[in-house]
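The two complexes that follow have chain A in common; it is paired with chain B in the first and with chain C in the second.
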Partner chain A sequence: MIYKILDKEDYNDFLKKLVENYDFYGPVKKDAAVHDFQKINDVEKIDVDFKRTTVAPAKKLIYPPEETILSYDISDDIEIRSEVQADEKILFGIDACDVNGLAFLDKFFSDEFVDDFYFQKRNKLIIIGLDRMPTETNFSLSLGKEYAREGFDIFLTDLKDRYFVRIGTEKGNNLINKYAKTRDASENDFADYDGYMDNYRKSFKAKADISNFYDNFEIIYDNDKFWSKTAKDCFSCGSCCLVCPTCFCFNVRDDMEINLKKGNKIREWDSCMIPDYGLVAGGHNFRKDKENRLKQRYRCKLKTFVQKFDTYACVGCGRCIETCMAKINIVDDINSVKKEVSV
Partner chain B sequence: MIKPRIGVFGLTGCGGCQLEILNLEDDLIDFVNAVDIVHFTEAITEHSDNYEVALIEGSVSTNHDVERLEHIAKVAKIIVAIGACSSTGGLNCLKNLYGVEKAKELVYGDKKDWIDAIETKPIDEYVKVDYYARGCPPTRSEIVDIVKSLIVGKTPEIPNYPVCIECKKLNNTCLYDLGIACMGPVTRAGCNARCPSSISGCEGCRGPIDEPNINAQIDLLKKYGLTVEDIMEGFNLYNACKKITDKSK
Partner chain C sequence: MHTIYTPDIARITRIETVTTNEKIFDISFIEKEAQKKFNFLPGQFVELTVFGVGEAPFSITSNPNNKEKFQLCIRSVGSVSQAIHNLKEGAKVGIRGPFGKGTFPYEAAKGHNVLVVAGGLGLAPLMSFLTYMFDYREEYKNIMIIYGAVNPGNILYKNEISYWSSREDVKVCVTVDNPDDKWTGEIGVCTKLIPRVDFKPEDTYTIVCGPPVMYKYVVQELEKKNFTDDKIFLSLERRMECGVGKCNHCHIGNKLACVDGPVFSLWEIRDLKEAI
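Moving on to the complex of A and B:
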């Protein structure tokens, strides 16, 4: 890690050069309700002062909601093509949670086999993170995901008159050297950075007591009363999964043209919260009830990958809480599990 | 590969669903090559009683509809309901809320006895329906998908999840976040979130998903300041015939 300082007066110039030279994506105000990570052509459109981003998260740049993974043509000879289109892109302005979210996906998509469709794009994505104060629903501190140790090329922290710059990769270093006027961080800068981080960590309002969840979850698992209360208003609409920066489930659909000669295999986001997710041939459904589906989501987020990767599959960004029309709240539910088991 | 003989029929409705087939544009030539269309009320003058698949639009709203539908069901091996009227009864069911006699009187006055109208029902109240291409109008690609699936011999994949999934994939801002009420959370997707994508609340024209959480939807709408009458109006617009029961509880 290299530490630098970028003065405020040089910050805009740095971004401007990046926007000029790269396919650049950053936060913009989409409408009255939300911000979204979109392609930026004009540096003035970037708006880092955002709270809600409950649309498809930034992972869509490398793991889109729908993508063609294979095309075929059986008109004459059988012809099968599978090409991944990937250009270099900069993703600017995601916070520590989202950097950690992408880091989780990196792990997931390279676990047992390497997912080429993901990594062709991921390897060409330059990530410039930016610290921001936690939103009301952000509970990443409780999961140890409030700080990004890795998974970024450059990470900026706003120290009022200057940015504290952490450089995580050679790619990031080259960008800084080429486009930014920086200086080395002094002891004083480090002290101010520590001060920012202390204040940041103190600003978290949403707190989940995740201690012992791993074991407590098994105790609560068969408590039907608890789950029917927790999932009572669930619409099974899948919104929580589709705004989640770590959800990875997908379905592969066959899309054949009506001439029955040409077609595509399309990979699309799926959600474990919809009834047909657990439906298998013969009509059996492994998770017929919404209670079972919510339970499964919590297990996946907070337990399965503790065993597998020694990490939560949840970064605590709070988007699922904000997007849920049934007001299902993962923080409250983690705390309720603890309370219920302690009684 | 079989080339199915298809009949396209219209019962009581606006004819717009048949028009959607004619509006297939880029796919139309391939569509008519892939199947053998032997009857198409709105498009061809020939009639045939020799078809395997019947695509039926419109609700059953007259005794004449009942006779025709029962005849079609005797001939066809597979029945596909096309559009809201055929699938859920659609807008036509609003008539039932007044009572048939009262509705006839309102519209036709002293000529009401000339009219052969009965209580409106979706076609599956009379015959077994194999597949549904729902919506007002139905999604063209879904009609094509169902026909393609029949040709290659697989079960068509009709979404059993709410419109929310499509909104999220399309990067739409949730209309509730913009203060607009929407039936999306309980309505079957497959329209590619047609209305919410134009910042217009879903009206439920594709009918509910298999297990809609109706009570939660009522609570949600109440939170957004709607009265019970507003809410029932929302549910009834396309679904007055099908009593929506909350199976998710």
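Moving on to the complex of A and C:
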């Protein structure tokens, strides 16, 4: 890690140069309540001052909601073609949670079988993170995901009159050297950064007691009363998965063109909360009740990958809490598991 | 670009209609290279694409020692399986695989008794194991096959069953739920026949494959006879879109049926409450 300081007066100039020279994506205000990561042509459009999280997670740039994974032509002989369109992009302004979300997906999509569609784009994505005070629903501190140690090229922390710059990769270093006027971080800068991080960690309002969840989950798993209460209002709409920075499930469908000669295999995001997620041919549904689907979601987020990768598959960003129409709250539910078991 | 989602093109070389609902398809790859590198183990599956319709997972049902082609026994029940039933000999399909690390315990079971419990179409995936086992018959001790079908018309692999029945070194019990006038065999579900098994539990590997509802009851019967977790193997069906652990529809607790299975020992899934 290389540490630098970027003065406030040089910050805009840095971003402007990046917007001019790169395919640049950053947070944009869509309406009063919603920010989204979009392509930026004018540096003035960047708006990092948002109270809620961006609705769509940053993963959409490299793992889009819909993507063609195979094209074929069956006119004469069967011809198949697989291509990935990937250009260099800068993604600016994602917070530590989202950086950690992408770092999780990096692990997931390279586990055993490497997903080229993800990595061709991921390898060309330059990530410039930006520290942000936690939103009300952000509980990343409880999961140890509030701080991004890796998974970014550059990470900025706003120290009022200057930015504390952490450079994580050679790519990031080259960008800084080429486009930013920086200086080395001094002891004083480190002290201010330390103060910022302490204050940041003290600012978390949402707290989940995840201690012993790994084991507690097994005893709560069979508690039907608990789950019928917890999942009672779930509409099985899958919104929680659509906004999640770490959800990875997808369906594959074949779409034929109107001539019925050319077709595409398209993968699209799916959600484990949707009733037909576990449906197999013949009509058997392995998870036909919403209670079981919510159990699956919580297990996947908070247990499965603790075993597999020694990490939660949840970064605590709070998007699902903000988005759920039924007001299902993962923080409350984690705490309820703890309460139920420890009583 | 060849990705984990790119199929190899293969040809259906022969189609055999087995019942009103099931057909057996012989498949071999167009490219010799693809055929050469396609080495599967008993219990593995492929993802088959009917172009224009979709892709679905199917267990390989043929003998792994046959390197020229492989077989799938497919029931017409979903969109892809219906589409493949409509294909003719010579038609081309896409194949990815073989997939699955969890295979039938063809090695571990050597030197032991083998009890095979099949329900309905569950006999099909087991054929890869059974045919392999008969290639090396002398390496296994006693073999017993229990097979339950809904009615006599649904019985698969009739030739193989009568061949096994004619052999001295294997015991075959076939039972049907709904007998017709001509049926002289056993009646009822296959779990009913388990109490008759006289193998020593500690020296017996049990392999089970059938509809999802069957497993719990088979395991109950096996446990009554003191068969142990580590020697009971179950092939679990789940929805699988990718076969490579990415789409995640086949999650069973902390495991994935596609990469960790589809065959698991009972011990491996003992703590996964939604497994059986």
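Quick note on the criterion: the second predicted complex is superposed on the first by the 340 of 343 C-alpha atoms of A that agree within 3 Å, B and C clash if a C-alpha of one lies under 4 Å from a C-alpha of the other, contacts with A are read in each partner's own complex, and residues count from 1 in each chain.
The definition used in the following text is that a residue touches a chain if its C-beta (ideal position, glycine included) is under 8 Å from a C-beta of that chain, and two chains touch if they have at least 3 such contacts.
Everything quoted here is computed from the prediction, not taken from an experiment.
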| item | value |
| --- | --- |
| Partner chain in contact with A:E83 - chain B first, chain C second, else both or neither | second |
| Touching partner for A:D333 - first (chain B), second (chain C), both, neither | neither |
| Contacts of A:G282 with chain B and chain C, given as first, second, both or neither | second |
| First (chain B), second (chain C), both or neither touched by A:D131 | neither |
| Contacts of A:D233 with chain B and chain C, given as first, second, both or neither | first |
| Partner chain in contact with A:E146 - chain B first, chain C second, else both or neither | neither |
| Residue contacts with chain A in the superposition, chain B compared against chain C | C |
| Partner chain in contact with A:K303 - chain B first, chain C second, else both or neither | second |
| Touched partner set for A:M256, first chain B, second chain C, both or neither | both |
| Shared contact residues on chain A - chain B and chain C | 253, 256, 260 |
| Residue ranges of chain C touching chain A (in the complex, touch as defined) | 1-7, 9, 49, 51-56, 75, 77-81, 92, 94, 211-213, 237-239, 241-242, 244-249, 251, 253-254, 259, 271, 273-274 |
| Chain A - residues contacting chain B, complex | 30-34, 36, 52, 54-56, 60, 65-66, 232-239, 242-243, 253, 256-260, 268-269, 271, 274-276, 290, 323, 325-326 |
| Chain A contact footprint on chain B (complex, rising order) | 1, 27, 30-31, 33-34, 144, 147-148, 151-152, 157, 160-162, 164-165, 168-174, 176-178, 184-186, 209-213, 215-217, 219-220, 248 |
| Residues of chain A that touch chain C when the two form their complex | 69-70, 72, 74, 77-78, 80, 82-84, 108-109, 111-117, 218, 221-222, 248-254, 256, 260, 263, 265, 267, 270, 272, 277-282, 284, 286-287, 292, 296, 299-300, 303-304, 307-308 |
